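Next come two complexes, and both contain subunit A; in the first it sits with subunit B, in the second with subunit C.
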Partner chain A sequence: MALDSRTVSVAAREAAAEAPRRGRWSAAGVRRVAGKLGGLALTLFLASLLVFFSRFLVPGDPVSFLLRGRKPSPEAVAQVTAQYGLDLPPWQQYLNWLGGALTGDFGRSLQYRQDVSTVIGERLPVTLMLVVMSGLLIAIVGLSAGVVAALNKGRPLDRLTLIGLTVLSAIPSFVGSIVLIAIFAVQLGWFPTFGSGQGFGDMVYHLVLPSIALAIVFVVLVGKVTRSSMVEQLGREHVEVATSRGLKRATVIRRHVFRNALGPILTVSGVLVAGLLVASTIVEAAFGLAGIGSLLVQSVDRLDFPVVQAIVMLVVTAFVVVNAIVDLAEPWIDPRSAAGASAR
Partner chain B sequence: MTTPTPTLAVKVLRAPRAHRTSLVFAIACGVVAVMTLAAVFAPFVAPYPPDAVDFTAVNAGPSAAHWLGTDGLGRDLLSRLVYGARTALLGPLLVVIGSTIIGMLLGLLAGWRGGWIDAVLGRVFDVLFAFPSLLLAIMAVALFGKGLVAPVIAMSIAYAPFVARLTRALVKAERTRPYVAAYRVQGFGGAWIAFRRVLPNVTPIVGAQSTLNFGYVLAELAGLSFLGLGVQPPTPDWGAMINEAQSGVAGGYFLPAIVPAVAVVLVVVAVNIIGEELSDRIGGGVPA
Partner chain C sequence: MSQLLDIDGLTLELHDGTRLLDGISLSVAPGETVGLVGESGSGKSLTARTVLGLVPERSRLGGRVRLDGREVIGAPARDILDLRRHAAAMIFQDPRAGINPMRTIGDHLTETLRRCEGKSAAEARARAIELLADVQLPRPEEHFDQYPHEFSGGMLQRVMIAGALTSSPKLLICDEPTTALDVTTQAEIVRVLVELRERRGMGMLFITHDLNLAASLCDRVVVMSRGRIEESGDARRVFTAPEADYTRRLIEATPSIAVRSLDGGVEPDASSRADASGRMDASALAGPMLEVRGLDKQYQLRGRPPVHAVVEAELEIPRGGSLGVVGESGSGKSTLARLIVGLEAADRGEVRVAGRERGAAPHGRAERLAHAKSVQMVFQDPYLSLDPRIPAGRAIQDVLRLHGGLDRAAAEARALELLEAVGLGERHLAARPKTLSGGQRQRVAIARALAIEPDLLVMDEATSALDVSVQAQVLDLVARLREERGLTVLFISHDLGVVRRVCERAVVMRRGEIVEQGPSDRLLREPEHPYTRLLVDSVPRPSWEVAA
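Right after this comes the complex of A and B.
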């Protein structure tokens, strides 16, 4: 922020001039990737410590914690003790859990008498489909709202878009769900109120309203970031240069403005994925969808802690991995960031 | 006081006239004030006790007896809305206070001491950023049980890194200012300068940013009660009201769900407008 646009564009030009000589797989590049992956592993390791040892914050003995709300028969106590190795020292319990988690084995669900991974596996398709549909919606609506607003900066269309986004930003997903159900499912009867349907087409049809409800808040995020990033680029020198060279406006916008504006948008989309996974708990509950979000809520309700642990770890991993991918992909989309990073 | 540091109140009052007359800001303040007063004086404002049942009016529309109608059990919606404002506003307030205190202390520590403390705290914040606040709250409920206490503590921790990161950046910038060196030369201790001079200087900006968290926290805590994991019935709560009204919505009775939903949206909008206005007036952001 301290640099004015002139300094930035000079720096960018110098960096761009240097970039081809450096090559994509230079030592600096490899070191950067290795450093990012190391950071990713460390963050995940620390997160797993938090998720696992959180159980030890609960006062009382672990057997009665895991068997809350169930009959503590001697067989059940013996079974839970053996299954989770509760007689072992804590660090050994952790290593067992981590070893299992790394191979996709999160132990057995206390509620469903099945492996946690099986229970989650059955529920995963609905959530993934919901997140993908919602993500597409966010990309289309958010990006176009941001672009339209930026290109009409200061004009009524810009103000209208901004007001619309501000209103949407105040609609939490449970409110959005209820309103959509009331209007489009109950009143108009266009969509089902409940369930995720059978087969692909039916599932898409069942997930239309949920994905809209899920998208609302995130459309605002993407829309606002797109607008401000586009506006910033539109004011840059290189855009003026491109225009004065006689390039068509559409070409200038597409190749010189939008492409340069992608950086911040990409960064936001990293945060988006974890946000979507967490917010889907609320949308799945509202629409009665059998995804991992509603599974998480049911597992909390039925005191099935191993499932809760697994889902929390899954969401955190998704967040960390997607952010790392966004970080690593940035130089491919915007070579200046790679040049800038290795120049430091 | 040797340094004339304008307090938050002074800065807000000194704002240009154009700002002060902003109608939208005034309305937003009005909404929050009315809601707060209603929450505090709920027993005097609400026409009925929140769980009083009127069997003659189940799922009734607005009438002279029930201004906003009744829910599926014949309870007065206006009364439940007024009582529900208590938990709806108290939860976010506690989270904002808690996260601001934790975040400012950790941010001050990281920014003032630097070095390995800064590095370690930075890593801790990175890990906490990977836990979305709602997820951390759900995990806390799984561990410590349903209600308002566990989610409020979990969310205070989840929002603290955001406050800490801002405080750290501000404190780092503040450290290099001449007045800090002047105090050093005069022989004042580092802790004294940090807490008595630097902390008050960064408080207004951090405070304005924390206000912006209020709306998010309110929506998330209401979402948690909507999931049945937050405030438990029979305590009236906006999120829980929407949850209970869900079966009614499928049957075509929208009012019991829409009334608390509108209340949530209204307060979130109002709080966000106030927070943004405060940030503008105080001139938030990190000095370069």
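Right after this comes the complex of A and C.
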């Protein structure tokens, strides 16, 4: 019914226009939010199934890891198996794990002999700080690059920005890390090469180079999306109308161009969060940071299933929640999406 | 008398040296309405935009543009802002594109008051609501916090006009303000504009491609073509006794709904031709070519009441006949066409073409080919309906080889024949759509549709995207093809004048229902249904004819 969406939308518009009503908390709005939350719960549930049962597909037996270096007597094997609940049928193991996970208890780490939550809790601040600093960098540098390029479209500054972004996009984060260490830490000695420091200020100082290395690729992404979205909006007729009404250029850009260009930028940002968490494994390894990323790599290496499961669930949850927030923010960004209007 | 707007020898060149405006001179006095007419690319919009300093980047301007006694060309940015804020305001063509969809109506209206005049939010709101009442928008307070997508096109255009009036401009520039609207809505908007002009004593520069509209509204007109002025003067004089060749051609090409009485059959309309062909073609007795009985279609929408797009439609076209379907946007006329062609399935009812039932979606290759062969469609926008990568000749050959099983050489020869039949030639065989003009593209689309000699040709707003002179060529082409090949045509249009020119009979649709049908001349002369009368009355007429 491609062509006839016009017929339909005209009729719907007339109906809507005849009965003006407002209020963001309409029944349809509440239904939408409830639907989103339901979808979120379902996604997390399916992810938990995948995360938990994939362990049974991976070669390697946790018991033999636990008893490594010892001659496993049948009694010892039985004891360890029972201690970690590995003698139960898989579905019961899953239910136990899920019940624990919902209360923040992901079991015990096999390598550290500590609660998983404790192990992760010790390393989470570093990763969070890294992601937050990177996020700020991406927002500031990416948005400015995109805006500057769009406002100078076709001029040398635009070309220069685009070339710069393209060059940056060709630098993988591990190469970026090494180059940054070589120049700013080893040659110039401005920043430390290793570790995450003690206390807040020191941590920020230690994380400057890693967050730059992490941000590079994403700056390119945000910059290019910002540019194209702004360029598209700049050509719109409502921008010309606003200009013709005597508004200053800066006001027009802020209120009509940038504001309207936010949609695609926000959508990309949602995807970006997961990318940041995943890419942080590489950067953490390069800078010797004791964060979640390096913990994940190490735990996979040592078959530390509970830790791997917990981290993967954490990343999945962060991703799904951020994207749900982006989705829910959309009516605020673009009022048409709340009404389900298809015409852009 | 001092002029409000005085343009003298205006030229505009792009940075690459392309000259878009060449020696434009015109003036608007306070309280006067000057029409700026011409076809697309004539530079009329650009001329108007120059007045507000809205020119393409890096373009070079020459000549003089004085607005309210101040020079615009070369003025510093501060002065330009001041002119935009106090001297002149502009109404744009498409209100749906021209009002920021992400901000409320209230924001659109109060933005300049708050940001440029420093009014408080409450003051601005009160002023905006006053203006909305001025443009006759019902219940303005309730609409203040609504978003543009909740409005119809006509309501939005009122908002746009109110927005232009916030600055109490002395000159109102209207750039095709009703082109995107239905004819009845156009009549309402024009009424609003005329009333405002009288009450405020504004000067108006009114840009339009529609000569009838210009004639109904303007004191003087300026006719433009390719960046030059062809002719200017008193509106009545220009339209009744044009001096320039171009103006004469433009007036001839413009379809009119005025039905000349017995003596003055100046315009060869379809009805008289039909009589001749009807006598000539005895096979008209062999049953109708298209027969539609009880056709019904509803769209079910999630969370909204269903839309009844076509209600129990009944129509018939005899062999070699032509039927016009007239209606405004949302009337269901396009849905009707799509049901007849088979692009969508009807809920109920039957469609017979040449006596054969056109059932649901065809199964299998043979059935699909037969289905396509009996009915072909020409779409509204020739820029979208031709594949940009495929040359015109091949587009036609592809159809021929698919349906006719012709070999390459035969298909090529036949494609050339078809192109010649629609007034194109050998050099267009290898032309890609990009290199063709709008009219040429629509000719290719028609040639492609005719290639397999369909029983019925459906044209859905096939000339709406074209300039009047090009439209006239396409309409002449259709008339000639009907005469030569006895083609049966279903012609869908919002334009009564065009329908009258092509079709001997017409049906009028409103909200999915056929409210009236009959010979097109009769519909125009003595409309029976009130809606048909409203449609006919809404078509603009020259002010001197209304007065007479």
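Assume the second predicted complex is superposed on the first by the 295 of 344 C-alpha atoms of A that agree within 3 Å, B and C clash if a C-alpha of one lies under 4 Å from a C-alpha of the other, contacts with A are read in each partner's own complex, and residues count from 1 in each chain.
Everything that follows uses one rule, which is that a residue touches a chain if its C-beta (ideal position, glycine included) is under 8 Å from a C-beta of that chain, and two chains touch if they have at least 3 such contacts.
Just so you know, these numbers come straight off a predicted model, no measurement behind them.
Looking at the shared chain after the overlay, A:Lys248 reaches subunit C, while subunit B stays out of its contact range. When the two complexes are overlaid on their common chain A, residue A:Tyr205 makes contact with neither subunit B nor subunit C.
Shared-chain residue A:Glu240: touches subunit C; no touch with subunit B. In the superposed pair of complexes, A:Tyr112 makes contact with neither subunit B nor subunit C.
When the two complexes are overlaid on their common chain A, residue A:Tyr94 makes contact with neither subunit B nor subunit C. Of the two partner chains, neither subunit B nor subunit C is touched by A:Phe184.
Within the superposed three-chain model, A:Ile333 lies in touch with subunit C and out of touch with subunit B [touch as defined at top].
Applying the stated contact rule after C-alpha superposition, one finds that A:Thr281 touches subunit B and leaves subunit C untouched.
Common to the subunit B and subunit C contact sets on subunit A are residues 1. Subunit B meets subunit A in the complex at residues 123-124, 126-127, 130-132, 134-135, 138-139, 141-144, 215, 219-220, 222-223, 226-229, 239, 242, 245-246, 249-250, 252, 254, 257-258, 261, 264-265, 268-269, 272, 285, 288.
By the touch criterion stated above, subunit A contacts subunit C in their complex at residues 1, 3-4, 6-8, 10-17, 20, 22, 28, 236-238, 240-248, 251, 255-256, 259-260, 333-336, 339-341, 343.
Within the complex formed with subunit B, the subunit A residues making contact are 1-2, 39, 42-43, 46-47, 50-51, 54-55, 57-58, 166-167, 169-175, 178-179, 181-182, 186-187, 193-194, 274-275, 278-279, 281-282, 285-286, 296-297, 299-301, 303, 305, 308, 312, 315-316, 319-320. Those residues of subunit C that touch subunit A in the shared complex are 52, 54, 81-86, 89-90, 92-94, 96-103, 111-112, 115-116, 139, 142-143, 145-147, 149-152, 155, 160, 163-164, 166-167, 299, 301-305, 307, 309, 329-332, 334-335, 338, 344, 511.
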